[in-house]
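One chain, chain A, links the two complexes that follow: it is found with chain B in the first and with chain C in the second.
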Partner chain A sequence: MERSTGYWRVALLALPVTVFAVFIVWPLFSSFYYSFTDWNGFNPDYDFVGFTNYAKIITDKLFLNAVINTVIWMLAAILLPTALGLALALLIDSRVPGGALFKSIFYLPICLSAVVVGQIWIWIYQPDWGLLNTVIAQVTGDHPRYAWLAKPDTALGSVIVAWSWQQTGLSMVIFLAGLTSIPGDLLEVCEIEGANVWQRTRIVVIPLLTPATVVVVALSVINSLKGFDILYIMTGGGPFHSSDTLAMHMYNESFKKYLMGYGSAISVVLFLIALTVIRIYFRELRRVDEIYG
Partner chain B sequence: MADIELRNVSKHFGEAEIINGVDFKAGHGEFIVFVGPSGCGKSTLLRLITGLDQVSGGQILIGGEDVTRLRPSQRGVAMVFQSYALFPHLSVAENIGFGLRLAKLPKAEIKQRVRETARILRVEDLLDRKPRQLSGGQRQRVAIGRSIIRNPKVFLFDEPLSNLDAALRVLMRLEIARLHKRLGTTMIYVTHDQTEAMTLADRIVVINRGRIEQIGSPINLYDAPANRFVAGFIGSPAMNFVELSRREGDCYLGASDQGADALLPQFTGEAAVLGVRPEHVMLADADMADLRATVEIVEKLGSETMVYLQTKAMDTPLTMRAPPESRLAPGERVSLRFERGHIHVFDHEGATISTR
Partner chain C sequence: MRLIRCDLYAATLAVPAALALSGGAMAEGDVTISHYFTGELGKAAIDEIAGSFADSTGYMMKDSPVGHEDFKTDILVRAAGQSLPDVFSYWAGARVQFVVDSNSLTPIDDMWTREGLDDVVAKSLADSATMYNGHRYLVPAGYHYAGMFYNSEVMANAGVTEFPGDWDGFLALCEKLKGMGIAPIALGSKNRWPAQFWFDYLILRTAGPEYRAALMDGSASYEDPEVKNAMAMWKQLVDAGYFVPNANADTWTDASDRVARGEAAMTLMGTWITGYWNGLGLVPGDDYDFFEFPQIAEGVPNAVVGPVDGWVISGNVENQAGAEAWLAYFVKDTDAQAKWASVQGALSGNVNVDPSAYTSVMQKAAAAVAAADAFAFNYDLATPPPVAEVGLSMFAQFMDDPSQVDQILMDTQTGAAAAF
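Then we have the complex of A and B:
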């Protein structure tokens, strides 16, 4: 009996461990390995070049550009959906008429894949007949024919808006769940002590939503780190690298310029950045845990 | 300070009638305790007075003013919850000063009044802590502090001590009594612990199934319960009830062959149940006995002895309070006598029949 459960344990663990090893561990190490080579991605011959690829990162203007864009992208992709999701959750929770309906509508985009969302927003931003320009034309009486995704000034921002549109629903649902977990008697204390809506929200509700906020921010961080597909669909990092993030830059270097060694070096750096962000995050998490347990 | 008056207050949730036409008045500075079994509507009644729930019918007056339609914050009431309801993210000082902060008082004044309140409740060394870092008793004090700081007209407590252990409960009970003396504010206190009710109350309101069974001082309820429910609810251990049975025109104690006529001086045909408290059951000589019994269990409590006896008259054991030095042992046959003048008689509806 003992024996056979032991077998089963190994058997059941084998599959996930294998998947993890093949698709996570192995690529991780091979990236690390190739980052010290000049491999082009398909030629079996390559040489070791030491730290040349890493040295190149330091002098690569496009890399710096990608870092800046990544910071902008991540900050916006964390702050916007979190703030909007919170606002929507508070509104729906205050029993506005039709709240349940709005809840489903706002949640809907989460069910779509990034490719679909990207395509929808490409149409919205379309210069000649896109929804955005059409609305502007209606309001101002002047059709701007502005190509939102094709101008360096607006490309990244436009993708951020599309991204937030999709992520807000998720944040909202998590905040709504957080609101229901606030003990009713705390809200009743607010009522008895005479807190107005604003005071209640600011002094009591939002701080008590901290555990929900932690989850929302965690998901936003993780999702934004992964947020490659929507950029790829909508701008491909362009125009003129104005919406290049690290992930995008790495992709372009590896698969468009066939500099697999250099791309690997970028990916190693990206990995280290992600690791740092996540570590800081978990440290903060422990602090929150101490208060809200 | 203010008096509270409920006029024919009722409350239903959907179909369910929870409170049925409650009339009741509490005077200035009175300490009123609501007691009753779980689910009888004590909390609901308190929430109606606070304004957290709206009455389905009737009126509520505080200090002579009709507050039935006012919001909780406009009624001048403060409430202490069983769960303490402290804000986990705020310090003790911020929790106590919560109401003043909402009222936008100057910071210096808030600080000074928080200190003063914390001193009264002896939590002044804890002001910087978070609720999680406090013991149950300390949390309870902070919750009380938050409610007294605004000088409310009326204090409402919903089972404030039920999360504390027995020893702490006794201490906090004394502290609440002291607080009431000091502040002189009208207080309504909900509990299902009848010791708390007996010790704290000026008057007790006994509630059962959304109705008031009786209102009176603790001693009054103890000595002269209006009905069988109150008689059984007030007093610990509970009163013994003996059903009366009638055979061939004579009245007997339960299924026994003990005649009951001697116990019922003004015998009326309506007498159905006889009640006697454990301390009014005594050992007696066989010729003076009202009832014969067998000792089943003896509990030595140190200050007294509880004896549980089997009788033919009752299905459940009869409880007798005996002195600590009592030598009764299980299995012993004894003769019992009920102390005259302390026998309660109830009719078929459970209402008390006066025997005086």
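Then we have the complex of A and C:
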């Protein structure tokens, strides 16, 4: 019987392990390998250049620009959906009229692909007839015709808003699930003791939502690291690199400038950054697990 | 239980086997091909020409088209995996040069001679687009010409009956249109490349083709007085308010739509705009037309700008005879060439194609190219791809804030020098 179970395990694991090895592990090691070459992607012949690509990273202004944008992107992509999701969850949990309907509406964007979300927000930001400028015109009486995605000062922020719009629903649902686990009698005791809504939320609800917050932050970190598609659709890293993140910079160097060796070096650095963030996350997860069991 | 386990093993073996068979099965006469002509009309035309080709030669084309922008990445991935198709479409100029230098293409000198293509392909095109490192590598599928395309009704309403041949006349036209409340020029530089035609023509018309070639190969600098002069003229147009605001927010089709709707009078664009406008129901000659970019400096040769789409044979070609047959058929068959030119809004590189097959606007474009002293590839096909990336960003940055032109040129020179 045990032997039969072993066969099943091998049979069921063979395909996913093979896929993982071929599409994740092998490309990962390939990137390390090519980062030490001057390969242009087309030519089967290339030379080993040692740490030249890594030395170039240090002096590459566009790389530094991409690092700064990546930090902004990650912080905003974690903080905004988390904060907005929590606020919406608390609002809906307070049994406002139509709460169930709003819950569905707020969750809906997460069901859309990044391409669809990107296109919707491209229309919203359109300078002449987009929703945003039209609303500003209605309120102020003056049509700004501001090109939100075409101006370097606002391009990255505009994409972050679109991203947060999509991700907030997921955070909200997780926080709502967390809120159901908070004992009602605990909140009643607080109320009897004279705590107001803000005090109950700050002292009781938010601390007890820590496990849900850990899940939300974890998903936000992972999703923000994957956040290439919406940037590609909405700005392509532009205008003139103002919304370039490391992933976008790596893509441009590899596939537009044909500097595959240098692009591989950038991907290695991006991998190390992601690894560091994930290690910090797991350390904190263990800590939370020890506290909350 | 045993039966289920056997089924599972069988399925585990069968799935990859089926995939291998479906991917690998290929008739002996098949030629694999990839291209970026994925528009409804372009794809239909390719299918039709491939059908005629099969009837004529017995070779079947196994087609795997990829969208225009994605093609640039897709073909690189295939090259990296040493799995390029037998034949693929590519842009003549620096991009083909890059692939040739990477030893990823097969020369076609023998086929060129055997098929007598010297008597088929226009000499100016053959000299500029097909030769790389002393060998032939490409046959032209079709080529385009960039001109100042305008809305005929808007111009007529503005009382414009003659179009400018020089810079002062062009400025006067823009001022007249602006004075009547019409935006003179639409530009959609969201994807950067549409702005390149302004740079190309201003450099060519002021410093000439030789200087421009030096700039493209890195022997001249973006901080030279010639470049600064060209950019100053461009800045003059932007500062005067002749361009529709927020050019970087529009794509080339957005800009074309503005002209078609009469919101702007004209746009500097390639002849593919005719295919786009015809598809919208505009009538060539009646609803739209074009004039040539004005001459600026006296004594400078009259060069025209445009891209050449071509077919090349990969370095790892499996069916070389079939691949060569496709290249020869595509460029030699006048029916195929006429069909292709009509669908793409392109000009044929085949000198035997009857000009009456063109629309009146395309006949005029063909005449403009024939009368020109030189044909130059547009910027991103004239300079190596890593440098083109730097320059294309420069154009978008300039359109956003022309007052920073000196700093932009300095940064461009630094980036271009590093890329070279």
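The rule is simple: the second predicted complex is superposed on the first by the 289 of 293 C-alpha atoms of A that agree within 3 Å, B and C clash if a C-alpha of one lies under 4 Å from a C-alpha of the other, contacts with A are read in each partner's own complex, and residues count from 1 in each chain.
Keep this in mind: a residue touches a chain if its C-beta (ideal position, glycine included) is under 8 Å from a C-beta of that chain, and two chains touch if they have at least 3 such contacts.
Since the structure is predicted, the reported quantities are computational estimates derived from the model, not experimental observations.
When both complexes are superposed on chain A, chain B and chain C sit side by side without a clash. Legend: residue contacts after superposition of the two complexes on their common chain; A:Phe255 is shown touching chain C, with no touch to chain B.
By the touch criterion stated above, A:Gly99 is placed in contact with neither chain B nor chain C.
In the superposition on chain A, A:Gln126 makes contact with chain C only, while chain B stays out of contact range.
Contacts of A:Gln199 after superposition on the shared chain: chain B is touched, whereas chain C is not. Of the two partner chains placed around the shared chain by superposition, neither chain B nor chain C is touched by A:Pro211. When the two complexes are laid over each other on chain A, the CA centres of chain B and chain C sit 160 degrees apart as seen from the CA centre of chain A, to the nearest 10. Touch criterion met: A:Glu188 reaches chain B, while chain C stays clear of it.
Set against each other, chain B and chain C differ in how many residues of chain A they touch, and the higher count belongs to C.
Nearest C-alpha atoms belonging to chain B and chain C sit 48 Å apart in the superposition, given in whole angstrom.
Residues 50-52, 71-74, 77-79, 81, 83, 85, 87-89, 98-99, 101-103, 130, 132, 146, 150 of chain B touch chain A in their complex.
Against chain C, in their complex, chain A makes its touches with residues 4, 7-8, 11, 14-15, 40-45, 126-127, 145, 147, 149-152, 236, 238-241, 252, 255-260.
Remark: chain C residues 1, 5, 8-9, 12, 72-73, 76, 79-80, 82, 98-99, 101-104, 190-192, 245-246, 248-249, 385-386, 389, 393-394, 396-397, 400, 419 touch chain A in the complex. Remark: chain A residues 183, 185-186, 188-189, 191-196, 199, 203-204, 207-208, 210, 291-293 touch chain B in the complex.
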